[in-house]
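What follows is chain A paired twice: with chain B in the first complex and chain C in the second.
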Partner chain A sequence: MNWRVVATGCWLVLSVVAGAASADPVVVVSAQSPLSTLSRDELTDIYLGRLVRLPNRERIVPIDQVERSPEHDAFYTAYLGRSAAQIKAHWSKLIFTGRGQPPRALGSGEAVAEAVAANPNAIGYVDQAFVDERLRVLPIE
Partner chain B sequence: MRGWLPRLLEPPVLFTAITLVLLASIWGITWNLANREQVAAQRTAAALTAELADTYEAQVVRALREIDGTLKLVRYALEDRSPPAVLRELRDHELLPYARLFTVSLVDAAGSVVATTDPDDSDPRALMQVLESARTTDAMVVSHPQGDRDGESLLDFSRRYADADGRFAGVVTVSVHAGYFVSSYEARVFGKRGVLGLLGTDGVFRALRSGDTLSSGLATDYAALVSDDADEGTAEVRLHGWDNTRRYSIARKLFEFPLAIVVGLAEAEQHAAAADLRRRYLRRAGAVSALLLAVMALLGGLSWRLQQARARAQDERIEHARRLEHLAFHDNLTDLPNRAHFSHLLIQGMQQARRYERKLALLFLDLDHFKVINDSLGHEAGDELLQEIGRRLHGSVRASDIVARLSGDEFVVLLPEIDTPDQVVPVAEKILAAVARPFTLAGQEISVTVSVGVTLFPDDGDDEQTLMKSADVAMYHAKEQGKNNFRFFSQALSTDSLERLTLEASLRNALERGEFRLCYQARRSMSDGRITGMEALVHWQHPELGLLPPCKFVPLAEELGLILALGRWALTSACRQNVAWQREGFPPLGMAVKLSERQFIDESLVKNMASALNDSGMDPQLLEVEITEGVVIRDIQQTIRTLTDLKRLGVRVAINDFGAGYSSLSNLQQYPIDMIRIHRSFIRDRGRNPDPSGLAAALIKLGRSLSLTVIAEVEPEAQADFLRTQLRDEFQGYYTHQPMSAEDFAQLMRQQLAAEDRPRTD
Partner chain C sequence: MMGKAGVTGALMVLLLQATPGWAEDPDTPALSFDGFGTVGAVHSNEDQADFVSEPFVSEGAGYSADVSARVDSRLGLQLTANFAPRHTGVVQIIVEQRHDGSYTPTVEWANLGYAVTPDLTVRVGRMVLPTFMASQHRKVGYANTWVRPPLEVYGLVPVTNIDGVDVAYTARGHGLNNRLQVTFGGTDIDLPDDREVKARDGFTLANTLARGPVSLFASYSEYRLSLELRPLFDGFRSFGPEGVAIADRYELDDKAFKVLAVGASYDAGAGFLTGEWGRTRSHSFLSSSRGWYLTTGYHFASVTPYVVLARRVVTSNTSDPGLSAPQAQELNATLNGLLSDRPQQRSIAAGARWDFAPGVALKGQFDYLDLDDGSRGVLINEQADFRRGGNVCVLSLTLDFVF
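Let's look at the complex of A and B:
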């Protein structure tokens, strides 16, 4: 029990330090969002289309950035641990088999920030620079 | 039924059969199970393939319709507007497919890309081919796979569009990675060597995936792979030439597109589980079989050994029984039929003779003096003699004749094919001659003779018992007539033999009943007429026949083996009587006792004589032992030993009836004897013949030269003068009295003593 707490704590510290160092994008939700925190697995499931409703029955709408944006690859590598090609293959299969739709991809961080701010159920990732008072950075455990 | 069932139960057969049955069932069950698994695996694989094909078909059709829908939408939206604007607008309304997978482009009639959703917008691919192929058709055109800048294959789906005037203005194209169409390949379901493919009707694979390998542009024989059969529901195993793999496969043409789907599951993979199971079954069956064989071999071996042992034991039992049977019916010494067997043979022979009205001769043989030979040379020599006799008898008759040994020295010969008594004579003579040939026994040459009684069936008896009895009677008469001859049975003999039989029965008990008496024959000196001694003779006071002289029963006693006991009794009684008379005041009187041959060779003779002398206290010098010539010729060494022992006791030994039998003069001087008693005939004849110089004189001289006392019994009237005058100084002649009882003898003695006293008192 104790070691798990310690391990979790360590991981949090490390991730914060890492985030600060490489300027990874941050996961944001609307300031009105009921979400306060997400696990890494939950985040992964949301972005891979496996999780569409939160435990509180609220629908959740993930918002992506276009592939060529710098935040795209950084986000998927840092948070989901997957390459762009893997993401592409994943959605290729889901679309082909008709079992899911990929999140809407927006062309800029600004657009994402706007979209997230406008929808309390939305979730997105932006560069730290786009975080304002309408948004809340969601800590990922 | 009785024949094969026991043979079936014999261990080798039984165990082999059980083993074979068990092996057959083990392998039958194994084969059946493996086969069932195989069939189940085939069915499962085929069903799975069909199901996967259905799903894949639906997925492909939906994907194609989506692409076609996009093409139609873009073409519709174009009107006369700027292509880039149209694409942007459509994208913003999320009417275009997922941009990362699908690129929508517009190409004008000249081949220039006028708008695209490809962010890089710099695809160098020549779309001319697409343009050309779409120009002439109104349908959706599917390109061959094109390599993109990342080296991946792209498929272009295109439709032509027209300008306001209806002229060909260009094509709308949706490009998508070939891998998209095979992205539903899951290793979990398809394995490593399954196949999922999208095949153009031109025989070129637009996309083909097997395991993790994705390929496109591969050409194959479309007609061979895709059957025209509308009912394409079932999967068949086919060899896919492009990777040389056998698969359960379904290839099906899509209804509205120039494409076909190919779905395949590798046979090897689908069968792997079943094959594994099959191998496991086979291994188990192999192990069980080996175990079974081992156990059965062990059990079979043990059982086999047990059976062998049992069979051996049985063989031994049978052999033993056969031996016993042989022993039961054969004499074990001579191997001739024994009494029981002969009785059986005789009855058979009589039946045969009766049926064919023939005669049958029964020869009853008894060896002469066999008991003496047996006792003097030992039983082993006796047995050897009997064996040899058996062989000789067997050799002197025809094969159809039967020789049997009844007991001891009794043999019988059965001549079954006789018509007249005359025919028996040569056989009997032959037998006599065969037996009489000398034997060499225990290093000594001896001869034996046989007495034969002949009886005829049915003349002398028509049953076994009578026949045997008459043969026996005839044989005894042959014996009485001097032995070594044969005698036919006659009714007269039968009467004689009755007496004999009566004697035989009572003789056995005579000694216990005290029926024997000693009689004494007084010997009176020829010179002065005084009684000088006596000869003890045993008489039998038979309860019915009265007093019988020795000649009537001694031979019988010899045959019955009673002679030793009788002799012992006679000796002891004689000694006692002699001593009693001494005590009464009689002068010392010599006591002569005859020893038969049988008595002489008895080993305990000397011991018995010593104890008789000791017990009675008789002076050994008074005892005179008379032996016959026959005794002394038998075994010289043994005879000398016995005679020496007797001499040592102090008794005197005389050879009785010297000159009557064999003239064993050469041995005479070796024998430590005291006297020879000349046979009566020498003296008696001398009386009628006035010539005194003759055999008697010669014998007397002989005796004298050997320092032997020569004695002779004389008859007072006839020879008195001759003997008195010629021989009185040269031998001791004596007169004898009739045998008389002890009382009479004592009376005679008293008279003599009184007569002697008178002159003295005078």
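Let's look at the complex of A and C:
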């Protein structure tokens, strides 16, 4: 028996299991953001296009992760209680009545972290691993 | 009122001029192209009349076809431009069965918008009226849970979009979102028999108040409608004062058409419950009607089963004794034909939506229509053997997509 192979196999299985059960993404803003906390309703309204301005009257720039990414599905399920399909149906209502376009979607947690760090009015969600000193995790009440 | 072709042409030129460099906000694409569509098949067990989803079309399921793709199938293409943070433009073209059975593309939306402040937007051009909660996206199958909005309410009002001006104001505070919209304008509606309903001096005032999962909606609309039916009403007038009184009572000649609607919706993510009630008033052969529906459903992962209960009745008279002169019998019969032609039915529908892939949904829906005595319900193309007041079963299957 090659113990190294077994150990590697166990590690792989464990990391897949751990990955599947990993914590939900965290909501982040730039360290310079005027936001300190958000309610769940406010976060929902921001990502459904109903809340578009910060208390300082600046335009909020929500940043999304691309559809079919694990973060996208986990974020909408955990924080908004809605599936990716429900979110797409919601935005279809706004797009085809000329009332708005969905948030810009980026292809990786790293790209979202960069975009949020670069804009004090931005808000995004990333895996905890992408949080660095330029970002602040926003508690969602 | 501006000419339809003129407005559309001007908007197209403006939209095509929009280049990516114009957008000041790098996060908002300057120009986006989106589309939606439905591929549908409908079967009705009533083969002496057609089941249709829009009142002014040529054919449907039942008499014209055992299985009809015409009822729900459509394609919509939209170009949205954000010239600058404050200027927007939208052109949406829909291909679907028209009044004459053709599939000539029609312009559903074509307007230019200007954000006076981030909360106040003015749009000029063609807009879909917010008469009911889902009116503006009723044709986007993917956006709706049902196969189609309940006809008992959404079929009450013949005017769906207008050429004119629209002002929308949103306010937010204490967790409340309020959107107030006022639309002014007019339009011409083509009927299957090549006649035209003219809607003039129209306005719709709609307000939506939302807090978390709860939305409350109310709207009021008023137009002046005209439909030329000269031979009939001139015929009545030729009989003297008694005939003139009948003609003035029922002729649709610059007559007010008033619509009041209220609705409420609860959608917390998993389960939803929506109800709407609407009332129309018209001192003409169009009659006054009332409709309501109640719908509920639940999202089980990618499958959403739902049920809909609906009712539509005429609240004014559906017959008139007419003139007593024996020579007026034919005129009386034509008038009573018009009066009894207004839909009255109740229905129950059950269906399910399956979101099996991103941007694509498959829906199946069964409708049981119970037509009121003497009414054709929402069916058209009645044949000689059609029995008014019966029951009709309709089975629909649709594939809805967005891109």
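In this text, the second predicted complex is superposed on the first by the 119 of 141 C-alpha atoms of A that agree within 3 Å, B and C clash if a C-alpha of one lies under 4 Å from a C-alpha of the other, contacts with A are read in each partner's own complex, and residues count from 1 in each chain.
Everything that follows uses one rule, which is that contacts are C-beta pairs under 8 Å (C-beta built on N, C-alpha and C of every residue); 3 or more make two chains touch, one makes a residue touch a chain.
Predicted model, so just to flag it, every value in this text is computed and none were measured.
S.K.: Quick one: on chain A, after the overlay, do chain B and chain C clash, or do they fit? Just give me the call.
M.R.: Once chain A is superposed (C-alpha atoms), there is a clash between chain B and chain C.
S.K.: Touch test for A:Arg82: chain B only (first), chain C only (second), both, or neither?
M.R.: second
S.K.: With the two structures laid over each other on chain A, which partner does A:Ala129 touch: chain B (first), chain C (second), both, or neither?
M.R.: Once the two structures are laid over each other on A, A:Ala129 reaches no partner at all.
S.K.: Scan A:Val66 for contacts with chain B and chain C and give back first, second, both or neither.
M.R.: first
S.K.: Between chain B and chain C, whom does A:Val137 touch in the aligned arrangement: first, second, both, or neither?
M.R.: neither
S.K.: Touch test for A:Arg53: chain B only (first), chain C only (second), both, or neither?
M.R.: second
S.K.: After superposition on the shared chain, which partner residues are touched by A:Ala105: those of chain B (first), chain C (second), both, or neither?
M.R.: The answer is first: A:Ala105 touches chain B but not chain C.
S.K.: Just to be sure I read the superposition right, which of the two partners does A:Asp45 touch: chain B = first, chain C = second, or both, or neither?
M.R.: second
S.K.: Which chain, chain B or chain C, ends up touching more residues of chain A in the combined arrangement?
M.R.: C
S.K.: What is the shared patch of chain A, the residues that chain B and chain C both contact?
M.R.: 67-68, 88-89, 92-93, 95-98, 101, 104
S.K.: Which residues of chain C touch chain A in their complex?
M.R.: That would be residues 25, 27-29, 32, 34, 36, 76, 78, 80, 82, 88, 90, 92, 109, 111, 113, 118, 123, 128, 136-137, 140, 142-144, 172, 175, 177, 210, 212, 268-270, 299, 301-302, 355, 358-359, 361, 402 of chain C.
S.K.: Contact residues on chain B for chain A in the complex?
M.R.: Touching chain A from chain B are residues 59, 62-63, 94, 97-101, 119, 177, 179-181, 183-184.
S.K.: Using the touch rule from the top, collect the residues of chain A that touch chain B in their complex.
M.R.: For this pair, the touching residues of chain A are 66-68, 88-89, 91-93, 95-98, 101-102, 104-105.
S.K.: Touching residues of chain A toward chain C in the complex: what are they?
M.R.: Per the touch definition, chain A meets chain C at residues 39, 41-42, 44-45, 50-53, 59, 61, 67-68, 80-86, 88-90, 92-93, 95-98, 101, 104.
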